[in-house]
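Single-structure report; data block below.
The chains carry the letters A, B, C and D, assigned in the order they are written, with residues numbered from 1 in each.
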């Protein structure tokens, strides 16, 4: 479900460092067995908001009817006012947040998706990407299936609708066995809350408990938000079915070595989340610590690129004893959209989201620490801002290795031609970023920060293809050169 | 596609005589072969607005892409500002208007519906009702079909998607052979504008021409609006396929005697439309003329219940020589919704939409003429208003026979228990309406006004079951007691 | 308070016959002594909606606080949902409706205006125009007054704020003695409902009673709407102060012969209203009757230009025995704004608001009756529509005399250069309208229809300067060439 | 211009630490002599957004007309899309941002205010509060002045409108000599950009230059945003008039020792701003440094209360060598409004804006550093959150002295009864906050951090009455017990 975000838009990137980040597509949340389930779901989605700011939705079931509500925008702007569970009553619910893109978003793609199947109502929300969705979709349309969205998730619903099986969960498992990729699903029938995770555990899904109720969520911070207790991860390849009798576990696939996505640690997950048993904040500090060892710098001050560079910068500063200072101030009040400035104004080098704290920079040798470098365009702008504030030297460090390969499992990132590290040498990049020195964490350093002794080259412990090119699954749609959904569905242009 | 309208709502009916009317479900319009087809379509839909004020939509095709736009509300409130064909480019388009109901309307049911079939994009709009839709729907869902609306129209799309056939038009005909009821469809593929009418011609569909372009519409007034010329009706049971080569005609069913709905003449069609070769205005005047013969009254003034009673009242007045006067003034500025008055205010007998023109009423014997009487509740209120304005006598005439039976072909009307003439004698009704005399046109009079010598009892020339109980087709869903769509789909409650 | 309406806009007039009408500026309503006064006021304003569709507002007082609410648009679109008196509590209230203009309207000019004076809160609503407002305004601004609107009404408030006097009503009278023109004011203090009418009674204001409460309104139809009884007119030059003790009456000016505006009968007032003791509907029928005598025509059918031409057409038909038919059908569902059609579509002669009822026209000699002719542009379009529908002859009659002079008392009309009768002979107009004959009611006929034997040339019984050029008051602002408010205030452009 | 904010609302404070902060009322910006002045103004206002998030407005002059646009909400949400200077053309403009309150805000109070004076158009924006505004207002209303807002700023406009004087600037100075309090004004006539600062310099106002243009702004960060150069502060008591000929300076008052508000350093100003020649970030670090000396703590980790506590926490950590960690994670995606949670959910201790980073807290002795303590309610909630995350000890430090007295110069803060330090001893507060130790910076420490050797008790260098009770000016309105504007103006309740 690749989509072109604002990353490629040269007219907007200049004011927003965050626009030069890769993006997680989604966060999911589900709960069974608590009155006002939708209100809890809204809170959990709020905690997962960093995983997607484009759109949000909730589906609930109240024993008789399903209720759904889907919106563009933030959870806190849409599930407001009266208690959401008044509009979405019920003791079971699922929710979804989706990443932010520029330009038009089609509401019909916002999740959860709901369908009335022969077996009853069914709602589903998805984090990830199915790598053979378009291939299957073609086959289904040929067989007379009507699609109502351009989402790969709908492919799974059609597979379920046509699946054979006694119990509903058997149909569900039957269906997910036909899809490939990285995914975490939460789903709702009129009896059961279902969770499913791809066989390699590329995308995260966790189980929590609140009183007698069970919760599914993408990150532990969602449990913290609602006061729930973290129980365990959904295992790679596991399907869980939760109802009044508790949790039933199914293995949809033969067991193989898991391989979760390392980018959850590098950038996506909230620093206060625990992923794979590790504090994300701590892992990031260790990245900064190791970075200090691998690529030291003789500077006066360590300045993080806010906010994602902060933990690594603290790690770097604590390792070296060089002072950590907030040399870049973030403006928290950036609106949803902002003035499209004239060229006159853009030429002034306006910086809407950040500004330099000149008193901490002037006359100093500065080291900037960021979590990663994607296209490098924003890094250059930040470097120039620091220089304009009077730094005598500017050094740059990325707390992750060079990003050289695109993703196909639900991460939104630019084409390979736009990934600076895929196209230029360290020397060339140093010049392009206009810095006195540039350094990246090594792959070994990344695995060290993760607590591993080394990367198992034949069977890597993590999904790390963005750095290494080792894709963990076949890429059927891509190999058929069909991955661009918008091309396939270009016949329809829905005007709002 | 039955829906409960405001007719049964005792809190709103008091201010709106029109609320006690039966309602046509829809109007359709289509055009092939003219630049800016969507703008013409908007104008045509505007002319058909009296057939549905709830919602409106347009689909167009520009040689490359389909475009759709659907709204709640009036054509003139939604297809405004810039030329609609800027948002909906193309040389072929279809449009749809839908009747007004109180309460929540689900946008997903607004037409045209669009689907991406194996054969390419397909848009369709429908006026009428399929009497076996729910039965087929059940079968389709069991076979794994996913429905995205509660509309009977979507059933047809699924049938087309699964139909066998070489050319698309064959699949289409294959599909409509499986459905029953009264319908007029306009549809769009990327090559062809399609029109189809049920085998009895219950619902109307006409062909017009504008330069080299062909137009399909529910009424001739839509042709007048855009300056097109009326060519002919689509024959009952005919399917027409219009493309750059002209019109191809197909017979989907063996020919039988047509039986168009008489209610188009009584109430639905605009007075300036020509239906079945007859001026609607003239037919209505003849109803009034005959009414004067059948049920004369010794009065001082003839007053129409605006606006639908006007032509019959003129006919009545011209036949008798009694003066015709506007004794009831209509307020044109009633907003979409209006104050929910307190009991205090309602008790004042407030009349938001109409008021009595006392100078024409006081001290006079008044004859009120309306096109029909449905529940009778509003008639009573009007009678009271006329009496309060000082009439010495009030007589009431309905320019159509007593309505005694519900419809199943796309007309929205109250349950049989609410139809006053289905439950009470003329005497009882006279008392309930609080009038000095009450009269209805006879069935014979109705057929006379239509220009027929008599009603052929064994094979009536018109669909007239509302008056006679003679339904022209089998009623499969009703007989299976499944006609209530909302019951079937009650699992889903979409919150806006 | 002259404003340029859509009348002069050649891009919009073609679809709306009503756009070629002159317009009353406003309607006013006030009530003292009834719980939920604001709800009654909303109903009364609804009945007066024909006097202004641009904007509406209500002010109420609940014994402690004033409440105001002002909107662009219709009463029925804005005072909806919950009972207005929940938001605007109190037992006294005033309301205002304002005419519809194209283009931007400044909400700050919408009435009632509210001010906190030294004597307490004060709300006021105005129908009419003060002919020396700009002259006084200049003096006030020079003295340090700050204006918050461009309304002439605010001038009066400043005069009150600076007036001397013991009781508030003395200050009020002191102030209105300084202004000139045609006006009807309703106003509210925390104790009293005030009504005032200009010394000639140019603009109307009436007193009604509902139980123990008193009501002020521009027309009797507002009394009918709320079930109130019409008591008497506010006399020309009278100020009434209504509180719990009843009505007190003050004479602000020496008594002179009244001279109400004849246009209330010709066009503005609702046909069911009683103005100056006369049924408006009856006066209009008499105009048609006299028109038939003065300018007979040998035709087959009388067709009114809807809706304002209907009563005169009925009068003409009854006088002559020629059949009256609805030959022009009005589309009631024209939205607030409508598509801006391309030249292609405009060239088709599209008619969004009306269409010809061909069956009543084809092959016939037609007489069209309208209430008046302003610019003549729309009349021409209607004539062409009737001809295109097959009329063999078209004759046109205006039920009022030729309009030759602009107004300065609250009627919105085009410049003299645009008034067709001010610039062309009957012959020339006959040609311009493309009709077989053209006729206007004579001044004598107009006075006859009003029930007068003749017009008293030295002291005309009615304000009739639009036909005669006899302005009833001095025109101070005009004579100083300052009448254009927008010029004076051009420094401020409020962006919405 | 006191207003009741969300601070006293027990239903909202629990989720937002920022809700327990005092608030600056406004930020102002003005520019003369640059094309597209409004766009630059929008950018400058964006940089000042931290000074007010409730509303924003711009006024411009284009040589012919004034243009104004005012909105509720953020600059970035309102001055978006097309370039603001297309709607607000001109080479001179002023802008205003206003603080955020809960509940209804009256748009008419949003600035800049515009008036058409005898001398021409005049727009003005204000940061601060006039302490004798209500007293003067009473006198003006008695003299017949009409007020259109409840703003103290309008009082000044009336004074200008009534002032005598040759040149406009003389009238302006004449008027500000009549008002008292703390203020920074920017104003616009059709020729001149005016800036004025109160005689003690309580509120800040600065002059910058961009090419040949001059800029006025509340903080230097606004100059940084648009690439302008900081020239100097407007002196206390100075009025500057900027036009094409440059800056003219006027002294409105005899010179006295300045006394700027110390709270700009403690909380209001952005850390990257330079106020009174000092880096705000550096002053705050020095507060933390001195705090470490005055109230040391034996802990494992220093955690700032984000975001305002960060610089002081860094200062504290650098002084002591104890690690600084982000132990509280802020959720950046809190919407404008949020769910009103049920009691059930509130009882869960939900934290919508912040969450504890458990990995940095569990098993540790934690020191929390905040910039100040107002009511203490939020501090308690944060302490509980840290304890719930497993801290073995929690210590709390305020980087400013105890707040004991209310403000009257434009700072929004709770009543004295709600200020915890005004009512409780250090011991009692330690218990109330449920901490192991509590410490405040001393007044001496505060002045040391400001770079002063000591506080001059007879003539303090800063306005510091919140800590000391030494108000720098008389408080005329307060002494007349009239300060509550809403009481005075309670007659009017404007319903949106």
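To be clear about the criterion, a contact is a pair of C-beta atoms (placed from the backbone, for glycine too) under 8 Å apart; a residue touches a chain by one contact, two chains touch by 3 or more.
Values in this document were obtained by computation on a predicted structure and should not be read as measured data.
J.: On the document's contact criterion, could you list the chains that touch chain B and likewise touch chain C?
T.: none
J.: Chains touching chain A and chain D alike, please list them.
T.: Intersection of chain A and chain D contact lists gives nothing.
J.: For chain B and chain D, let me know how many angstrom lie between their CA-based centres, rounded off.
T.: The mean C-alpha positions of chain B and chain D differ by 62 Å.
J.: With chain centres taken as the means of their Cα atoms, state the distance from chain A to chain B in Å.
T.: Averaging C-alpha atoms per chain gives centres 51 Å apart.
J.: Spell out, as numbers or ranges, the residues of chain D touching 2 or more other chains.
T.: Not one residue of chain D touches more than one other chain, so the list is empty.
J.: According to the definition of touch, which chains form touching pairs?
T.: Between chains, contact exists in these pairs: A-B, A-D, B-C, C-D.
J.: Provide the residue numbers of chain B that touch chain C in the complex, in ascending order.
T.: Answer in residue numbers: 35-36, 39-40, 42-43, 46-47, 49-50, 53, 73-85, 221, 224-227, 270-272, 274, 279, 281-282, 307, 310-311, 314, 318, 323-326, 329, 331-342, 344-345, 348-352, 355-360.
J.: Taking the complex as given, what residues does chain C use to touch chain D?
T.: It is residues 64-69, 87-88, 114-118, 120-121, 141-142, 144-148, 154, 157-158, 161-162, 190, 489-496 of chain C that touch chain D.
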